[in-house]
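Below: one structure in structure tokens.
We call the chains A, B, C and D, going by the order they appear; numbering starts again at 1 in every chain.
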Amino acid sequence: VEDKQEFSRFPTKAGRRSLSRSISQSSTDSYSSAASYTDSSDDETSPRDKTQVNSKGSTDFCVKNIKQAEFGRREIEIAEQDMSALISLRKRAQSEKPLAGAKIVGCTHITAQTAVLIETLVALGAQCRWTACNIYSTQNEVAAALSEIGVAVFAWKGESEDDFWWCIDRCVNTEGWQPNMILDDGGDLTHWMYKKYPNVFKKIRGIVEESVTGVHRLYQLSKAGKLCVPAMNVNDSVTKQKFDNLYCCRESILDGLKRTTDVMFGGKQVVVCGYGEVGKGCCAALKALGAIVYVTEIDPICALQACMDGFRVVKLNEVIRHVDVIITCTGNKNVVTRDQLDRMKNGSIVCNMGHSNTEIDVASLRTPELTWERVRSQVDHVIWPDGKRVILLAEGRLLNLSCSTVPTFVLSITATTQALALIELYNAPEGRYKQDVYLLPKKMDEYVASLHLATFDAHLTELTDEQAKYLGLNKNGPFKPNYYRYTFTYNIDFIHHQFMYGFCAD
Amino acid sequence: VEDKQEFSRFPTKAGRRSLSRSISQSSTDSYSSAASYTDSSDDETSPRDKTQVNSKGSTDFCVKNIKQAEFGRREIEIAEQDMSALISLRKRAQSEKPLAGAKIVGCTHITAQTAVLIETLVALGAQCRWTACNIYSTQNEVAAALSEIGVAVFAWKGESEDDFWWCIDRCVNTEGWQPNMILDDGGDLTHWMYKKYPNVFKKIRGIVEESVTGVHRLYQLSKAGKLCVPAMNVNDSVTKQKFDNLYCCRESILDGLKRTTDVMFGGKQVVVCGYGEVGKGCCAALKALGAIVYVTEIDPICALQACMDGFRVVKLNEVIRHVDVIITCTGNKNVVTRDQLDRMKNGSIVCNMGHSNTEIDVASLRTPELTWERVRSQVDHVIWPDGKRVILLAEGRLLNLSCSTVPTFVLSITATTQALALIELYNAPEGRYKQDVYLLPKKMDEYVASLHLATFDAHLTELTDEQAKYLGLNKNGPFKPNYYRYTFTYNIDFIHHQFMYGFCAD
Amino acid sequence: VEDKQEFSRFPTKAGRRSLSRSISQSSTDSYSSAASYTDSSDDETSPRDKTQVNSKGSTDFCVKNIKQAEFGRREIEIAEQDMSALISLRKRAQSEKPLAGAKIVGCTHITAQTAVLIETLVALGAQCRWTACNIYSTQNEVAAALSEIGVAVFAWKGESEDDFWWCIDRCVNTEGWQPNMILDDGGDLTHWMYKKYPNVFKKIRGIVEESVTGVHRLYQLSKAGKLCVPAMNVNDSVTKQKFDNLYCCRESILDGLKRTTDVMFGGKQVVVCGYGEVGKGCCAALKALGAIVYVTEIDPICALQACMDGFRVVKLNEVIRHVDVIITCTGNKNVVTRDQLDRMKNGSIVCNMGHSNTEIDVASLRTPELTWERVRSQVDHVIWPDGKRVILLAEGRLLNLSCSTVPTFVLSITATTQALALIELYNAPEGRYKQDVYLLPKKMDEYVASLHLATFDAHLTELTDEQAKYLGLNKNGPFKPNYYRYTFTYNIDFIHHQFMYGFCAD
Amino acid sequence: VEDKQEFSRFPTKAGRRSLSRSISQSSTDSYSSAASYTDSSDDETSPRDKTQVNSKGSTDFCVKNIKQAEFGRREIEIAEQDMSALISLRKRAQSEKPLAGAKIVGCTHITAQTAVLIETLVALGAQCRWTACNIYSTQNEVAAALSEIGVAVFAWKGESEDDFWWCIDRCVNTEGWQPNMILDDGGDLTHWMYKKYPNVFKKIRGIVEESVTGVHRLYQLSKAGKLCVPAMNVNDSVTKQKFDNLYCCRESILDGLKRTTDVMFGGKQVVVCGYGEVGKGCCAALKALGAIVYVTEIDPICALQACMDGFRVVKLNEVIRHVDVIITCTGNKNVVTRDQLDRMKNGSIVCNMGHSNTEIDVASLRTPELTWERVRSQVDHVIWPDGKRVILLAEGRLLNLSCSTVPTFVLSITATTQALALIELYNAPEGRYKQDVYLLPKKMDEYVASLHLATFDAHLTELTDEQAKYLGLNKNGPFKPNYYRYTFTYNIDFIHHQFMYGFCAD
């Protein structure tokens, strides 16, 4: 599989954390009867050239094979088991139908987990049409199962670029149905509607956007004064950020390294570049399993935290010759250079957990004197003329995306947040939201968290009236102000602070 | 020692974290020859009634005994060893004298660590007059040592309330010297000047305030439109918050429990009420030493974090009958009630790490049927009629303040932050700061952190030009925007968010 | 693949920890080009029916396909990178040839790691003939590579039982070559020689046995007075035990659970049955990643350790209804019964890390009212009539054997121990070893450890003469007495101690 | 206080772990009203010169002041709360009186915890006479309380050497009472009886010895064929060893460092010399609190464990220049030499957690060019000519003994073990124990552990009949064979193993 293509052709869709299980499942094919079912499909006809009818007689969908619906249904049922928060939201709001009248077009990864979201939206009263935000990530059986129950899905695994836009268009542009809500992941659907159907776009009541890239595009539109619809940035919710970064990476760094290299963690010397939430998660996990971890940082506050957490803060060059593993988590580029790779020891491993494929200068390794040997899927031995081997994982792309899976529980948090954001925007009284990009209200963030507590059999304490008064809080929250955030991935008003006094500056 | 007085008479000075070593040292007297030197002093004459002259012939000070100066000098030298960041700032800026012309009045705990701060301010060009913000916390020898080198100090251990205000007045109201900067901890000095010397107050170039209480007062003044001077809130700097709360409490919970009760942590069942930074620190330390830790929370986001960190989230009543230790870290009141104390088991321990003495309903234990037995300093056995004993520490006041010490390193961070804030306000160009309360600029926060990295032999990585451009950052920082904060202790614009949709509210 | 057969037909070969990488690799096929090479082999002819010649003209071997030798050579070279201790032993002893004259027959898993061992024995002067101890575990390419350099290998993946014994016989019974040393794993080779070739057997200088089962058989023989050859039990060396149990399981529990279920560890409630070394490893890893772990124990000393390490010690029935995962590590049978499985909650996971497939009463789940659904390789959903699903891993067999890999580093420790034991027995002066079963001398255990320190760049401190004298130790060790052991897996003289005093007995 | 004397005059009593709370309490005087009560006693008359009568009219005791009995009673009651295992043993066996007829002479530290033991022995039917094994460690009030209820105690704090032997003699040599059991800690009582009263000694039914030193003496006696009485070594019980070393040191290293230096652990670089149980405990605690820990080792097996646990194994000289703290845990001598102390950095801390005061070469620091400054009790600054200060704790004696306390729970394990050993020896049928030194039977070790589980609300699982049969175990234990031990502190038959093959030896 030439998965490099995915990243070069649709750069806006690369590097997203909101990754469906199906992508990473490419790396666990042998376990998944679902995946192998898909893979063994030898039907080469393009779905666009087929006529398919679901059992209710509808033809308003386009998927690989509607007959896979039953299999997909089982996958959805399995996913439901780990998404009890969404199911609980579904049950609580089912009688009120807060989305009655909502006509939602969606463009996301199409996986069993997404299906649970879509079916929740339907249960709450919405009509949905859906397409895929990624040409490789669609679980065909799930797409079939959704189509079977009447959701108009236009997506299959292995679309061409032309297919990709055709599917989006078929979602939006249909007789006698006009969308009034958008759920997007990457901004392609939003962009298409904004450009092709400006009149429909204007009447949208709200956009919910999931990805860094999509949020970035929305802020640019807003800045340019062209955003005529309120949008909600669900990427920066506290709950989602903590789970996508700290907690998820704490597990996926171990999983990714183990599945690809079978390395023993105990006693290994590891350098983690960057001590943000991702780096903190990686460091905590590796330290806990007996690795000796070094940290590199540019930010003195993060560096001081690393010190207090028991990690030596070094420059990469100080440890490059003796570390066994390098992990990049910076969001920066060329954090590991060819010069440094030249100095790594035989058998050392290099991989990337940051947010793009730029952190390791992989291009610099594609020179004639180095030999590349693919030893497993996602694992290359790069061999120096003297026989030294450096083990490069996922060609420097995201290890967690390429070589481990995202637990359904994490996807449940994302999906629940999306559902609540749609409900909020759709039901908000006139004037609450202007034509701007909003962060998820704190209280909704707290609500998403509270829906997930049941999974852990966790019991919240309630404030007494007296206590609520003492603290100046509403008993039902929010418990923290709206501007309380752990991290921001996008800073719209980033102004370089000029510090007056010279001696601080050097 | 009737230290309850301290808390009842000067409520505004209670519960501060920015605690000097000397307070807590009351609990370690037997270790410290310094303290015993002070204690053995049997001179009962009030300093106000004595005439003392330092070796340079000055009489502009009022301390317990100027002859203790040499002893105090040694204490200052010992403190300097752990405050290398401040010493390094002193050295770097000594030639530039950024505080030349500054006339600073200070009102803080007077300890060896404060002395290092004051002498740094002097080295940078300032003239200083100083008084104590707490009637018990002054290290007399240190006050003497400062007076000996010409700093006008008015403070001694065991002042009366009248002494307290007399000392403040003597600092401010002196012939031929008019302050232009204020460094305050608690707001008493600021309040005194604002009320008594409004004309002098108006000409102040800036106030640096350290405490929650003082910041609160400043915000109230600002809100009322009466703050005619720019003020800087150094309490909420990221570095200070993390150290005062997470990292410091991680150590002081163990220290405080051990010094008072000699309890073995391994296998103990502990419930920590509140999973903010303080609670996180307590939980991490106790879990690491083999305790089984439960958490109570009102905020679902914090509760979810507790789950992911491996703690069961319960209501206090679920575990009250079988836990060995209760620790409150909520900032709330009556978190542990008499009803709950009635149900605790024999030999269990109750203590408070939160920000006031309200968390445990201690008053409810002062009833005739219960016997109080003081078994050690800061340790009471409260005995029920059936013989059950509950061990109450520090009468419900802050355990970390009462029964453990604050490492000099943490005080160094506070002192460095104060010094930089003074430099910034004193040197800021006209118009940069209005008559308002400001948070420490992000870059200064980072600078404080960077000065402390040397202690850990930590080496920061510097961005290349290419990387800085890629990230859109200045190579020297700030690396995070000004509005990035971990926690806020004071929310001036706390507006209750009304969430539109009913089903979230219950 | 019906791998159940392996366990039922050759029960003596089940449950061994000394597992080759190739077995577990069945679960990572998609990563390994090596494995797929093997798998894609569509040659159905039995190796016994083929005539193959290596490049030196020899036909004294029987493998799947001698042409795969080059591919196997690369696998061996990769393994050598993580077995530097063995390579270093090879280099150190190469000139002395301590095995000159040794004629070793071996019966072990045949993998790249074993090949490094065999080639080390050859380098030290031995002649070797080799066969497989398991009908499924042979890496065909590696067998080819060994045959190519002249080692007489008789083994292939997928032997029949008849093939298995034929291969053993061909190793032992050959013209003009009589073995004088045995390296066995499971005791089948030893048994065959003892029964079929008693006269050859008597002349053997020593047996090195690796497995619990084989050691058990040797002790039985010894007890019955029929063991006419000294044997060394390398299974119970301290180094091997710690690595096979504590350190290896600490990693493989995470790996095994993640690869099979993608479960998120954070916040999960897990019960670990048994707190021996395996249980300790599992508990430590899961706690470190945020799981809430309960322990069951029968032994009060282990239970007290669990308490001090921060785990609640419970009876399984107390937590069965609310745990998310059950892991058995007891070595006992029916630790999890049908009755308990009936009470587990929907979606919970059951797996076994102990030493046999008896711990979970899997047989009790094969009743008509329960539906089994195989959702992935090694993963079954067992579905109750009410729809409840319990996720059973590896059908109750060893999770670490079935669903994760053993790091090469751990195999290196085993292989080095085997090599040293062979050297010791072959070179021991007359009379040092009688016709009995011996534990590895302490000093050799320490030597194995020291050879592996280089991997971690660890530097041992040497005793000064004065210190050695003070401690009464030889400067080169051994540093602990021979009878110092962490655990014994087999207790030949286990005598039930009669405790005199009644009140202890109930 | 010249506590060095204690160690030089009675070397056999130094370095014992079985330390009473009262010794260490010297370091926490300010907390303990009990201790201050004792200290404030200004009665200088020797107890030997006083005539005292208890309330029952007896004069058969010699303590500081019988009037302190009530105060001592309260201390005993407080201790009982944490010694529930002993109380539970007392209750279970009270009706059977297994010690009826036993006449026990005891020589141990006399503290509240010992009193709970003695009163248990009395409750089980024994008559007791008691003296102190250490001239400084007696809690006078407790001695008074015991004397008040009729135990003949001869001991006070601050005995002379002559007093010490006089007290022992008064215990043993009394009209109409002949001891038949000995409970000793250090061997002084045993030695005195063996030498002075050989005929009485011969009739003793058993000796229970607690200390390393005493056990050593017994083995020597046994070796010389002069031990005419069975003796039980309770020092090497598994439970006691684990608690005295691993679990207790894990807590006391933090406590000892904090109480003496107020050091912040986070980010500190620490080197721990020795990775036995004590070193493992220290390393685990410091790592958990954010220190960066290095390990030195001579034994490759321990070194490999340190690697797997995530510690870099180094030679002391590699890190001596940059570490903040050195902790010795080796049992060896001159582990830190003057040469190394010369190279330590300013402000670094040196202390000892091993088993004697030889580990740090303190004597080498007593040279004219170095200045010693006592800054607190147990804390010296050693100052080099260039002003560098090294902080030496407890003058190189045991930090845990000198500067922290031993939790009552740990003392409970020791006391319960002693009580059971006495019961066993007293009740053993003729012939079970010969004139030799025995280790505690495994089953009793397990029984001690089981009595302590209640403290943790831990619930043991019981084997079913079927399981017991499968494992070949008695359902009530022992669960491990007698020869299973974690560590041996004394190796009577330590024979240097001669390893045959040269290349291992260098």
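FYI, a residue touches a chain if its C-beta (ideal position, glycine included) is under 8 Å from a C-beta of that chain, and two chains touch if they have at least 3 such contacts.
This is a predicted model, so every value here is computed, not measured.
Q: Farthest from chain A by Cα centre, which chain is it? Let me know.
A: Relative to chain A, the chain whose C-alpha centre sits farthest away is D.
Q: In terms of C-beta pairs in contact, which of B-C and B-D ranks higher?
A: Pair with more contacting C-beta pairs, B-C versus B-D: B-D.
Q: Could you state the distance in Å from the CA-based centre of chain B to that of chain D?
A: Their C-alpha centroids are separated by 40 Å.
Q: Could you give the separation in Å between the centres of chain B and chain C, each centre being the mean of its C-alpha atoms?
A: Chain B and chain C have C-alpha centres separated by 57 Å.
Q: Can you tell me which residues of chain A touch two or more of the remaining chains?
A: Residues 247, 266-267, 289-290, 307-308, 312, 456-457 of chain A each touch two or more of the other chains.
Q: Would you tell me which residues of chain A are touching chain D in their complex?
A: For this pair, the touching residues of chain A are 266-267, 287, 289-292, 307-312.
Q: Touching residues of chain D toward chain B in the complex: what are they?
A: 21, 27-33, 78, 81-82, 247-248, 250-251, 254-255, 258-260, 262-267, 269, 285, 288-290, 322, 346-347, 374-379, 389, 404-410, 455-457
Q: Which positions of chain C touch chain D when the two form their complex?
A: 92-93, 96, 98, 238-239, 242-243, 247, 296-308, 312-316, 318, 331-335, 358, 420, 423-424, 427-429, 432, 441-447, 449-450, 452-453, 456-464, 466-467, 470-474, 476-488, 491, 493-497, 499-506
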